[in-house]
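A, B, C and D label the chains in the order they appear, each numbered from 1.
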Amino acid sequence: MSPMILNTIEVILNGLMAGVMYALVALGFVLIFKASGIFNYAQGVMALFAALTLVGFQTGQVPFSHLINVVFGTNYHHWSSGINSFLAILLTMLVMVGLAWLVERVVLRHLVNQEQIILFMATIGLAFFMEGLGDLMWGANIKVLDVGLPSGGSFWWEDVTREWASEGSEYYGMYIDVLDVWAAGIAIVLVIALTIFSQYTKTGRALRAVADDHQAALTVGISLRTIWVVVWSIAGFVALVAGIMWGSKSGIQFSLSLIALKALPVLILGGFTSIPGAIIGGLIIGVGEKLFEFGIGPLIGGATENWFAYVLALIFLMFRPQGLFGDKIIERV
Amino acid sequence: MNTAQNTGDALLSLKNISLSFGGVKALTDISFDILKGEIRAIIGPNGAGKSSMLNVINGFYHPQQGEVWFNGSLRGPLKPHEIARQGIARTFQNIALFKGMSTLDNLMTGRITKMNTNIFWQAIWKGKAEKEELEHREKVEHIIDFLEIQAIRKTPVGRLPYGLQKRVELGRALAAESKLLLLDEPMAGMNVEEKEDMCRFVLDVHEEFGTTIALIEHDMGVVMDIADRVVVLDYGKKIGDGYPDDVRADQNVIDAYLGVSHD
Amino acid sequence: MKLKTLSAAAIAATMALGSGAVSADLTFPSLSYRTGPYAPNGIPFADGYADYFTLLNERDGGIGGAKINFIECETGYNTEKGVECYESTKGEGSLVYQPLSTGITYQLIPKATADGIPVHSMGYGRTSAANGKIFSHIFNYPGTYWDAASIIVKHILDQEGGDASDKTIALVYHNSAYGKEPIRTLEELSKKHGFKLTLLAVDHPGQEQKSQWLQIRRERPDYVLMWGWGVMNQVAIQEAANIRYPMDKFIGVWWSSSENDVIPAGDGANGYKAINFHGVGDGFAIYDDIKKYVVDAGKAAGDGTNLGTVLYNRGMYAAMLAAEAARTAQEIHGVADITPAQMRDGMEALKIDQARMAELGLANFGPDINVSCESHGGPGQAAIQQWDASAKKWTLITDFTGADRDVVDALIAEDSAAFAAENNITARSCS
Amino acid sequence: MFYRESGDFKSSYAADQQTFPIKFDRIAIYAFVAFLFLVVPFFINDYWEKSIILPVLVWSLAALGLNILTGYCGQVSLGTGGFMAVGAYASYKLTTSFPEMNMFLVIIMSGGITALVGIVFGLPSLRIKGFYLAVATLAAQFFLVWLFNKVPWFYNYSASGMITVPERTVFGVAVTGSNAPPWATYLFCLIFVVVFALIARNLTRGRLGRSWMAIRDMDIAAEIIGVAPLSAKLSAFAISSFYIGLSGALFFSIYLGAAEPTEAFGIDKSFLVLFMIIIGGLGSIFGSFIGAAFMFLLPVLFKNIMVGGFGWPTDMVQHLIFMLVGGLIMFFLIVEPHGLAQLWRVTKEKLRLWPFPH
């Protein structure tokens, strides 16, 4: 194969990998939207918050140390030199479940049956709140996250693909980041786990019932409140996973919350209500924007990815206004 | 079958209308007409295609086959709002009011096809826009008086009870001063008194404004009382057409509809 | 209705709190950003800036006998908040502003000039403000982005034995006013030295840079320069490590030169270089005093863990330069309680040699400072630092050297002339 | 007690449909506008101008614009930042290309150019609805900002891509640049805000406004009763963009004086304006103002209390402000989901009846 073709394959491959990372974020949005019709603006901040909490536990930080020190004139920073990653993840999950419970209890409960835009706005308030809370709890400085995931380009893949190049051509082999491969694996496990959960557990079936028809689910005795806590907990878990994967690259910092912006085009492309949609939407966006950046980008000055993802989604929408896998919109009078 | 094929007097005539949705036939080869000044009822069991029929008349659905003649000329593939402009107004089976707006504004919106000051005058307001607004306000106030809804003039319609909403919706359709008024189950879900009120309004409208009316209604008593002529649909096909008494006596209709309607 | 008026008055009163009365002290405002996407960089700088002034107050009782009134105002790196901070603090007799963001600096260039308050955009902001004839109140010593670009290229020339004509240099830049700054200089230098220049823009915030680094991996430029900021830095260094780009050929500007940028990439960042205009580490005499008078006395702005980091040093350096300028102003005008106008004179006459640096406890911390009426850019000198991942330490690997003045000065003259023409400014005479 | 409408009878429809039907409101608002025009200019200083009043005026105009589109016509847009950028760059190009052009005309024309761009990006709304449309408008946001960043013509080929407004005068008084006195910039913006708030009121109470609201409340029924969706939606996009363009032009040329697309007109601005109208009240002109004031002034107020008053560390205060603002948004939504304007209306209704609530 000529390097030209190999390069294109490489771009597509890396686009797919980037797409998986986008899909990881989009998944959290879809879960909540499907179960409660809420477009959860705070999903990105949840990822940041979860990751911050994880690192906080890992390194044994004292939460709110800054506040405590200012108020009481003390000087606490750490309560231990750190704990096991696995344990820290469990603890973080507990915090996220607690958060889900609080969100339902304090906010959502009072907004049942409100219009979508009101609920959306409430999640914006939540995002603001958690941004402040996360920083106040753990500090705004950058944190290094290490849960033992490998990273860096794969040598093996480089060697394998170098063989594919036609004789005599100077080809370095194909690049793929091991961390991305892990992310893809984790995403697959996550989706399988979610599917099993929703197919084979009682709560999962209740979840699907609510997603299908709120009223009907209520009449057969499913508690909407419990469902909301469960689904926000799951979304919290997904946010944690997304936070770990993205945070491993860049360190845990405020900007992590901005990954939500990468998920939005994926959402409109895949449809707000479809888990496979989120995955396939992510892959399409990932590949599309990478190919465009490589093919057309240099001609028009580059840095096209941010807007091209949206334009791509927009083009799809013109043909399917409800997204690729969204529920069909039926207009009637 | 005593269909009067006298298109000279017909305000609207439908010729061989067929409509289907992805293979499912909703209407099959239906022809009938509505004469100027009459009250025409469309009846039939649930799923007979009555609402689809109205949707064809006001252009929300475009039939695959057939012709619609309105006011003496063949109608092209127009958009619903263009058809509204030609003089067809309607109410909806499930109330389709503008919930965020007041009764007054809903009625004023009904007159939208008659208003035409341009955006610059509207921005300035004083002058043309205000004058036009006041002219139409007079007309709308007349309808408000007529429907006896003065007290709820400024109330957002979302807060009104069902019966009043139905009345406001009728008002909105009346405000359009249309040539043809389509009423989709105007009395559905009402109690006897509300139905009587609504009947009175429909008849008064007919008398006072001379509006041609086509209505869908389930309550046979009402239909027989107020309709001049009746067309009967079943499974998307026309199975009867004529004066109320004739239709009532038609065996096809009895079999298909009257016999099983009160299940 | 009375209640409404009352509460309105209360709101008005609290709003006005921001613009307080003029005090008799030397007021140094700090427009810091300890929150928002760039907080990790803003915190150490703000700590260093604050701690140095605290040190002067605690140890020397201020500057030349006048106490320092230090006010911090949070901008979150946001221009509107920065404007609010400027307006609310300028009434207190603020002597000099360190705006700390490109957006706020551009805001303040005309505004502060009109208000007669000097601005010190140290190594950022508008490069052509180095032309003191046009920009009377704006200072950007000790060096500008164009100096940085030129010095980095000089370093590359040194590495390549003086000839880079067959080399390719890629610039990975933040797609913003800041990131675009070096392009013109690099283009000039590429003409002069014959190297090929590739430009790769990264859109804000820059968490996804696969495309850019795949391209770098494919084209294998001999050197990669980076004008990055915030999360872009960490991701770029991580990606460079991932594609196993030789890190000692990857050189960042001084805003891509902090510990924050390299630590997340771990060992992969080993050997990464960056340009810097001041010393690194805490091996300076002044740190003994800071520990003694500030940290141990419980008066530190942060938790004390930042001491000796690159950005803490930079904040401290900025404060030192401001304090020295104030001292110079006091000497020129013979008063302890100087005004912003006198502060400006002090900044324009600022001279710091190595002897003075040693006195300050900062021996060899930076180049000699020499500001003049014509040149507000100071010496335009900087050094290259390199990251040692195992020791988690930066070390300066070159001396402080100057830029290619022929190239840079011409560009400054051209750009400042354009600004002057657009804004009807006539150049001051500096004789 | 003082606030009542009894005895305030309307004898004509014209009197009945005026903007402030209650006499007390009318007098209060006239007095307030007179205060803004005749008193404030004599007392305004730099701090109040640049930190409080100009931003509130500019954001109010943007909120008004978005409210026309989202609040009145029901089309959620997240492209506000991008459209503001169009206004800003249009005003920059106009002032630098035609130095003699009157500033009023420059700002109006910037709005006009933005309206044209708005129509183009409004086209997808004919097919796409709800959140899908909202996210689709982000395409406008990112593309426009990218464009202004990338094409040197827009920033007159300056080295960094920053744009800086040159000094321009109106009636011999500078309104842009650093020498503009606070009262001049204030009055300049105030005139725009008052005039265009009035125009917004006029547009929304007549035929156009009703056609927008009909589309918002039930688009299919609206079409069937005679509202043309194409012209209703596109006119909403055009007029909304016009307002946002005005606000962008004022934001850049009067308020800030210098700007850079990525930072000044980023996505966070789009969200900010959306927050303003939801908090203030969708479909309410008054709500646009109150929302803009709330979202902009609340953080400043908290900051001044906590940093200026209590002397707490700035970063901690900022975190607390985030939590407080977020908490308040949720609180207000729970108390009154339809925004502060609705809360105000309800309070007024109660006030009318006071002290006899039944």
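We adopt the following convention: a contact is a pair of C-beta atoms (placed from the backbone, for glycine too) under 8 Å apart; a residue touches a chain by one contact, two chains touch by 3 or more.
Note that this is a predicted model, so its numbers are computed, not measured.
Undergrad: For which chain is the distance between its Cα centroid and the global protein Cα centroid smallest?
TA: Going by the distance between chain centres and the overall C-alpha centre, it is D.
Undergrad: With respect to inter-chain C-beta contacts, which pair, C-D or A-C, contains the greater number?
TA: Pair with the higher count of C-beta contacts: C-D.
Undergrad: What's the distance between the Cα centroids of chain A and chain C, rounded to whole Å?
TA: 35
Undergrad: In whole angstrom, what separates the CA-based centres of chain A and chain B?
TA: Distance between chain centres, rounded to whole Å: 50 Å.
Undergrad: Measuring centre to centre with CA averages, how many angstrom lie between chain B and chain D?
TA: 41
Undergrad: Residues of chain C that touch two or more other chains: which are they?
TA: Those would be 34-35, 39, 43, 175, 203.
Undergrad: Going through chain A residue by residue, note those that touch at least 2 other chains and give them in order.
TA: If we look for residues of chain A contacting two or more partner chains, we find 66, 135, 140, 301, 303, 306, 333.
Undergrad: On chain B, where are the residues touching two or more other chains?
TA: Within chain B, residues 60, 92, 96 contact more than one other chain.
Undergrad: If you look only at chain D, which of its residues touch chain A in the complex?
TA: 76, 124, 127-132, 135-136, 138-139, 141-143, 145-146, 149-150, 220-221, 224, 267, 271, 275, 278-279, 282, 312-313, 315-316, 318-330, 333-334, 337
Undergrad: Once bound in the complex, which stretches of chain D touch chain B?
TA: Going through chain D, the ones touching chain B are 13-14, 17, 199, 202-203, 205-208, 210-211, 213-214, 216-218, 220-229, 235, 239, 283.
Undergrad: Looking at the complex, which residues from chain C come into contact with chain D?
TA: Residue list for chain C touching chain D: 1, 11, 14-20, 32, 34-35, 39, 43, 72-74, 76, 79-80, 83-84, 86-88, 90-91, 102-103, 106-107, 109-111, 113-115, 126-128, 175-178, 180-181, 183-184, 203-204, 411, 415, 418-419, 422-424.
Undergrad: Please name which positions on chain C make contact with chain A in the complex.
TA: Per the stated touch rule, the residues are 34-37, 39-40, 43, 175, 199-203, 205, 207-208, 210-211, 214-215, 217-218, 220, 230-231, 234-235, 238-239, 241-244, 260, 263-264, 266, 268, 298, 303.
Undergrad: What does chain D use to touch chain C in their complex?
TA: Of all residues in chain D, those touching chain C are 2-3, 45-52, 55, 96, 146, 149, 158-162, 164, 166-167, 177-179, 256-260, 262-264, 266, 297, 300-301, 303-305, 307-309, 313-315, 317-319, 322.
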